[in-house]
Each structure stands twice: as C-alpha cells, then as structure tokens.
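Labels run A, B, C, D, E and F following the written order; every chain starts at residue 1.
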Amino acid sequence: MWYYEKKLQYPVRVTECNPRLAKYLIEQYGGADGELSAALRYLNQRYTIPDKVVGLLNDIGTEEFAHLEMIATMIYKLTKDATPEQMEKAGLAAHYVNHDSALYYQNAAGAPWTASYIQAKGDPIADIYEDIAAEEKARATYQWIINVSDDPQLNDSLKFLREREIVHSQRFREAAQILIDEKDKKHFF
Amino acid sequence: MWYYEKKLQYPVRVTECNPRLAKYLIEQYGGADGELSAALRYLNQRYTIPDKVVGLLNDIGTEEFAHLEMIATMIYKLTKDATPEQMEKAGLAAHYVNHDSALYYQNAAGAPWTASYIQAKGDPIADIYEDIAAEEKARATYQWIINVSDDPQLNDSLKFLREREIVHSQRFREAAQILIDEKDKKHFF
Amino acid sequence: MWYYEKKLQYPVRVTECNPRLAKYLIEQYGGADGELSAALRYLNQRYTIPDKVVGLLNDIGTEEFAHLEMIATMIYKLTKDATPEQMEKAGLAAHYVNHDSALYYQNAAGAPWTASYIQAKGDPIADIYEDIAAEEKARATYQWIINVSDDPQLNDSLKFLREREIVHSQRFREAAQILIDEKDKKHFF
Amino acid sequence: MWYYEKKLQYPVRVTECNPRLAKYLIEQYGGADGELSAALRYLNQRYTIPDKVVGLLNDIGTEEFAHLEMIATMIYKLTKDATPEQMEKAGLAAHYVNHDSALYYQNAAGAPWTASYIQAKGDPIADIYEDIAAEEKARATYQWIINVSDDPQLNDSLKFLREREIVHSQRFREAAQILIDEKDKKHFF
Amino acid sequence: MWYYEKKLQYPVRVTECNPRLAKYLIEQYGGADGELSAALRYLNQRYTIPDKVVGLLNDIGTEEFAHLEMIATMIYKLTKDATPEQMEKAGLAAHYVNHDSALYYQNAAGAPWTASYIQAKGDPIADIYEDIAAEEKARATYQWIINVSDDPQLNDSLKFLREREIVHSQRFREAAQILIDEKDKKHFF
Amino acid sequence: MWYYEKKLQYPVRVTECNPRLAKYLIEQYGGADGELSAALRYLNQRYTIPDKVVGLLNDIGTEEFAHLEMIATMIYKLTKDATPEQMEKAGLAAHYVNHDSALYYQNAAGAPWTASYIQAKGDPIADIYEDIAAEEKARATYQWIINVSDDPQLNDSLKFLREREIVHSQRFREAAQILIDEKDKKHFF
C-alpha cells in the first residue's frame, strides 16, 4: 500500500496562466504514452513478472504516480486563473463546457484514456519490451511538448521528467538482460 | 507523492485456486465501478474541489489504491496455479490467450477500462455527488460478487472492502453538507 | 410506447447563425452528461427499480428526450446556414468533413457517445444516486455553456433546461428518501 | 416531443425464466444493429434530410423506441426470477456482478453501445442507404436470435419485429427513389 | 496474399506544405467512412459472402488499400515540412504532441479508428447493403473535403478517388442484384 | 500499391470443425497484438521512419497482411460447418447472434479492434521499440493459443507464424542498431 506525503518529487513552477500549454501537457496526463499509462502498466505487471524484476516495476510504477501528480499540478497552475474566454482562445472550450477547469484523463485531442493503450502478456520478455517501448514513447512525447512550450520555468520540470524516462528505459533494458541471463524457461520459447 | 510499503491494507486469504471467482473479481479491478475508477476519480478531482474537501479526496483516493492492490492480490492468488484448462473451464480462456494469467484493467466481460466511466465537472456539488454515487455503486458490486463467491476466506476481505465503501459514502455525504454550508458561491447556482 | 407530437417542450429561438455556439452545445447532445445520457439512463433503469419510483424514471426519461430534441433544434438552427468556411472558423471543420452539418451524438471534443457514461446496478440506492449525480452534472454543463454563450435568446432556453435539471435532482432526492423509508430490504445492506 | 402511453406496440410473452435467451436478445437492445442504434440513427438524421423524408424518419425512429421497449420487456421477463446461479449458468455472471439483473445498453459479448455504430453524413443518398443497410442488418440479427431461441412465445414477438424491419427497409428504398427523383441537387454529385 | 509494388494507383501531387488540409484529409485515412474502413470491411466479408461476389470484394478491398496509401502519401506531403508552429496554427498541435508528424489511424477530430465502424453479418444482402452505404458515405466525405480544400492539384487526386467510390457503389448494386437473382435461399427470408 | 495473388503464404489445414479453437484464434485476427495490429502499425510508420528502415517496415507490414489472411482462413475453416448449437457450445453464441459465422475484427473476449492498440511517435527509436515489443507480444499470443489448441495440423501453421514473429523481432532489433549507428540526430536526444 501507499502513503501520501504532501510534496512533489520535483518542484513545479509555471511562469504565468497559460491554458494553451495546458492543452498540450494533458497528453502526458491522460494520453497513450502519458504518466497514467506508465504507472498503471508497471504496477499491473508486478504480479506475474519474475521476482528479480518485481521491485523495479514497483519502484518505477510508484514514481510514475509522482510524475502524474507533477503533470496535474502543472496543468492546474496553467489554467486555474483562466477565464472561459482564455480557455476558448487556447482551444480548450470543448474541455471547459464539459469539465470547467477540472482535470480529466484524456489526451490533447480529447480522447478519454483507455486501458487499450497498455498491455500485460504474462511473458516476461514481452512485458519488459512493452515497458522499454513505453519509456521511449514517453520520452518522445516530452520532447514534442517541450518543442511547443514557451515557458522556460515549466520546461525545467519537463526536462527533469524526460530525463527520468531515459533512466527508466535504461533500467528496463538492464532488466531485459537479467531476464535473458536468468533463462527463466517458464515462458521462453 | 506516494511512498510504497510492502504490506496490504487488510489481509487477503484465498482458500484455493479458483479462477471462476477471479473472473468475477476482475470487475472490481478494471470495471466501471471498481477500485481503479475510484482511486483515479478522487485524486483527479483534488485540484478544483474547495479546500475543505481536498484532504478527504486525497485520503480516500490513496486508500482506493490500497484496495486496488488487495483486489489484484486476490485475483493473482486465485489464478496463479491454474492450468490453461482450468482457466478455460472458468470462462477465462479469452483472457488467457491475450494475457496468460497476468492481470489487466478490464471488467468481467472483458471490456477495457475507460476514463469515460468517471467524471470531473469542476462544480463541487456535482463532483461530490459523483463520488457518493460511485461509492454506492462500488458497494453494490461487492455485494453481487459476494453473492456468487464460494470462498469464505475471500469473502472476509470482500466484506471489509464493502464496509469501507459504506464509510466513504458517509464521508462524502458529510462533505456535501460542508460544501452546502460553506455557501462557496463560486460554482453554486 | 411513445407518441410524437410535432412541438417542442419549450420554444427554441436563436439570434443568428452561430456555429461557434453549436460546437459547445453539442456537449449536451452527445456528451457524458448530456440529454441522451439522461434519457437512456432513466428509461433503462425502469425495469429493476422498485415500483414506487418507476413512474418518476419514466416521466423524467421521457422529458429528457424532449430536451434532446430541443438541443438538436438549437444546434440545427445555429449551423444550418453556415458555410464550410464559417464551420471551419468555429472549430467545426472536423465535424464538417465527417458529417456536413448533420447532427451526431458526440461531445464537444468529438468523442462519440458511449454507454460507458451511464450505469444501472440493480441496487435502488446506487441507481438513484447515479441519477442525482447525473442531474447535478447536467446542471453544471448547462452553466458552463451559458458562460460561453453570446446569444441571449438561446440562453433563455438553456436556463429553462438548467432549471429542469435542478427540479429533477430534487425529485430524485425525494425518491432516495422514499426508497430508504420503504426499507425495501431486497437490495439494501 | 413524445408522450408515453403504458402499453407495448405488440404483446410480449415469454414461456419461462430463460436467462440464456436474454443473453442473446441483449444484442438487439444495445448491439451494433439493435433497436437503440435504429431509433437514435433515424431521429438524429431528421434535421438535415430533405423535407419529403423527414416524416418517415420521424415515424420509424419513434417506432424503433417502441421496439426497444419490447426488447427490454423481453429481457426483463426472461431474467427477473433468475438466481445468481442461473445467471452464471446462462453465461451472464459477468453481467450480474456489474448490473445484477438490471438492463444495460451493450451487445451480447458485453461491449457497451457506442455512437460509432451509426452515421449521419448530411448527404441524403448516403444517409438513406445507411438506413436501408441498418434495416437489413437488424433483420439478420433477428434471424440469428430466432435460430438460437427455444421459446416459441417469444419467437412470435421476434418474428413481428423482424417483419417490421423488412417493412422499414422497403420504406427506405422508396425514400431513396423519391430522393433520386426529386433531383435535390444540393448534395448530389 | 499481396505483393507490393512501389507505385501509387494514381499520382498524388500537392501544391505546397498545407497542414490545415492534412487535418481534414485524415478523415479519409482513419475516419468512420475512410479508406481503412473500406479495405478492412470488404476483405473481412470475403469469407462468408456467396462465391459469385467474393472476387468483387477481393478486388475492391485490395484497391481500397491502394487508396489508403494515396491518402497517406497526401497527408505526408502536406505535413512533412511543417514546423511545430505551422502544425499548431493548422489545429494539429494535439496531433503533434502525440505523434510528431507521423500518421495515425484517427478521424479529423482525433478519435482513433475502431472496428465498430464496420460490420459483417453473414447475411449476403445485409453485407452488400452495408457496402453500398459505405461507398455512398465515402463519396460524401470526399465531397466535404474537396469543399474545404484550397489545393487544386490535390483536388485532382481527390476527385479521382471520389469517382472510384461511385464506381464501387455501382458495382455493389449490381452484386446486390446478382445475389437476389441467385435466390441463394440459405440466408434469405 | 498491392497486387493480390490467390494463395496463402503458408498452407493452412484444420483437422475438423472446431469453433472452440476459432474463438481463441480470433485474438490474432482482431486482438491487441494480432496480425491486424501488426500490419497496420508498420505500414503506417513507413512515412516518417528514416529511409534505411522504410523497406523493412514495408516488407514486414505486407507479410503481416498475409498472416492476417492465414488467420482468417483458419477461423473460417474451423467454423464454416458449425451449427448454431455448436457455436453456442464453443462460447461463440454472442458472436453468432451478431455476425453469424462471418469474421470480425475483435479479440477473443469480443472487444472490437481499436487503433489505440498501436502507436506512431515520429521518433525512430520509439517507433522501432514499439515494433520490437509488438513482435514479442504477438509471439506470446501465439504461444498461449498453441497451449490451448487441440489441433496438431493447425498448430503446424501457428508455429510457422510464431517463428515469423521471432524473425521479425530480430530484424527490428537490427534496425534499432542501424538507427543508433546512423546517429540520425534529427529526433535523438
């Protein structure tokens, strides 16, 4: 089980009310390769992955929830003072009439999050490559968002998160090697 | 952010390998009114709910993740020793060919979890009634599962969880009253 | 069964061709908390709710179809004379290339309506709280649309509809009390 | 707007509690080619179809709601006295743990109804062929259900409904001819 | 099985980088009535349609893949040189943060392609009317896109594709007549 | 564009009518990691992957369509002579009332195929790891199906297909190395 402490993994600062940027950041909140996908994917795979990798999935899965909270905080800070007119100008009126400025697990185009984005096969190699791919895709998403961001303070946090995905990808590659070395034959063909 | 401790909120015991029961329990893992829906709904609403209720949403949201972990543990224990034949006999062959015995966020009929199950309106009264309804629906789901369960040890844990939903429903009703009393006019009409 | 009479429950007037407003109104046509969700939810629950509440669900469900027709009429009037250029300027080009100016059951962001938005648990208290929450959420949606509307004539109809949701919410709260008083023990725990 | 009268378009009788048959009938309630799809499709197309066909869409759309009510009544009668054990034996345990014996807009495999099943193009010929195809598909679904049905009383009602789809298909073919004859050039190419 | 030859069915030329037009064209790539729907629908129906029509479905299904490739080439050419700023100005920033300028099977509003768009009933008449309707709907979509297109070179290719849909519709109508004449009674009622 | 030749990539033989096996095989037809996902994923990524890898994606994507055709042929052969009673006994009655014995792009649990299963990021490393993961997941699915299969002739074809996934995974790993060696800096961070 988890205990909550009222702090963020890494500080989140935004320069000003900026709903345009919030519209794109939501991709990392409820998009295909966002932090919700990451956290739920790893924690779900914990039960059937070989023992040597369970701790890694548990740690990274828990960290991804901390990232999800950082993203949520960013979006909230970027929109909390926005008027309906500002939301509309930022392309967020469709969000506003449904959710006001509340958060929602959807991607930047407004498609609700679905478990179809993630997978668990029960095969250790398949699952760990699913995870490596997930981290590479999350890294790319951060890059695309940074490319359209005009807030240097926010970018500092985004670069921290992008860096974490690169570290996770490396950790999962090491785990793949461990699994191969272990020759856990149960699921290998 | 959250810290993980390797223990369950409440002990989970299963009498024996029982994939039939796992098939129904998965409704509380990735179904419309399951623990994933609950956890994600409350933590997501935290940002725009009035301050007096934020702590409640945070506490219950965090607890629901602990419940999700309990449900996952139950399903894992009920299926980990099942042969493909036993999975098929329990109506889980469609699950098996896709996921082996790995967990997945779907309902008992195999529909993947979608954020369309939950809502956040930015209106405090609407959000808190969404939450009361959620707890009543989760309570009903636990009852229907208990009705088809033939494992008394498992039922002990399920009754604990059903009881928690009743407590949460009561807490959300009190929160509704707090919100009304506060006459936080910002969102009231 | 139902009989159709060619009139609206309440007059619908729009000041001028205004596809921008149509884009937001469609949230009440095919969105999560729109009139389609309401009508289908209540009429579906009729069969298993206790007898004392069946008539209420039937009446409100039927009325919600009348609301759906009002919303459809509004959207049609706001878009019927719009050129493709006007549709595009209003953010409706994605709608236009798929549907011309025909209506469609989707939300303002273009996500198609799904039954995942609504629920029926067979438990009377759970179902009636689902309904109260639904009315509160629909009320909020009307408010957010009114907030971005620049058509005072349309707002008159929208305020009528918002008012009806408040009445329905009150009626469902009374029904909840009736159900509790009845102590219909069949589904209560 | 619509007025409700407490009677069915055609009598519905079921021989006995038969959840197995209910499981298949639900395809016509919330499946791709079921009565909900039909009713919502035609009423939605009314606004942009040429005037000569509006009445037809309105009439058939309203009748399809009466059919939806007949299907709902059938399913309810077939399941209302079923025990959880009987539901499970009929393959309905996944339904039971989510909905007890309440109805839900989903197909026989448990996929929730989605507006993606239906279409409105704003082009009269395209829309009317969508409708002809819909009736042919509904007719086929009734046939497949009759083929697996073991309740002659229920089959009487199902055959009435299948016959209505054939009539509707014929009416829509006539409408297609009217549209072509009219040479309403606005949308024709 | 299929063999690939590196050429397009019909030449595709675009006048200039034009992400605005790409945004609308994507409707024919991954939208409800787009080329992916067409190709997958016909090739899937091949197995259970009467023999006399199998070849037609096979030919048209294979041709629709060639159309899909043409649409993909158009979208690629219209966006490959676009900066993130140009993508955003064209309403494609939500696409950019998820996919950069990669293609994706979604409609113009960003809803991912789903098999719910298409159907196969096993009833020859129902299936062939599904196909006629599909061609009429695809024709309409091409018209709506041409209506908003400002690229005469691209329109040349779009008009070729629109014309092919008209031809296919005619071929399917002939097939319907063949099926009726054949009086293949197995599935007819 | 593609040319069709009326032959299969590898012979498909089934021992007897076996709808039970068809029910599980459909996972490879329209499931998350099935052949449709594979073919559509690779052909879609062709446009934005670096030139050195385009041919590989094109070849494997085209081959996956040949695999899709093999799977379709298997399912058809296993079900074409099945009575409705046999379909029901095999757990396929929900399929039958919707599709008779026609094929459909859905997974073994009846969830329709969705593009949410696949991804294209525009980042070469992310895309190629998506592809490696896809092949590993497809390999696992083949294994789970072989584990429940009781038809040795069919298993011969399934083992051929499983082997092809292993080869594809290896090819994609080589492609990943090529991309890294190339130091195509455009998308690398």
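Quick notes
We take it that contacts are C-beta pairs under 8 Å (C-beta built on N, C-alpha and C of every residue); 3 or more make two chains touch, one makes a residue touch a chain.
Values in this document were obtained by computation on a predicted structure and should not be read as measured data.
Considering every other chain in turn, the ones in contact with both subunit B and subunit C prove to be A, D.
Touch-path distance (fewest steps) from subunit D to subunit E is 1. The angle of the rotation carrying subunit B onto subunit F, fitted on C-alpha atoms and rounded to the nearest 5, is 120°.
Rounded to whole angstrom, the centroid-to-centroid distance between subunit C and subunit D, based on C-alpha atoms, equals 21 Å. A separation of 33 Å divides the Cα centre of subunit B from that of subunit D. Separating the CA-averaged centres of subunit C and subunit F is a span of 41 Å. Residue positions 32-33, 91, 98, 100, 106, 109-112, 114, 116, 121-123, 140-141, 144, 187 of subunit E are each in touch with at least two other chains.
The full set of touching chain pairs reads A-B, A-C, A-E, A-F, B-C, B-D, B-F, C-D, C-E, D-E, D-F, E-F.
For subunit E in complex with subunit F, the touching residues are 1-5, 7-9, 30, 36, 40, 44-45, 47-48, 58-59, 62, 65-66, 69, 72-73, 76, 80, 98-106, 112-116, 118, 120-123, 127, 187. Across the interface of their complex, subunit E is touched by residues 23-24, 27, 31-33, 91, 107-111, 140-141, 144-145, 147-148 of subunit A. If you check the complex, the residues on subunit E that touch subunit D are 32-33, 111, 114, 116-117, 119, 121-123, 125-126, 129-130, 132-133, 136-137, 139-141, 143-144, 162, 166, 187, 189. Across the complex, subunit F meets subunit D through its residues 84, 88, 91, 93-98, 100, 106, 109-112.
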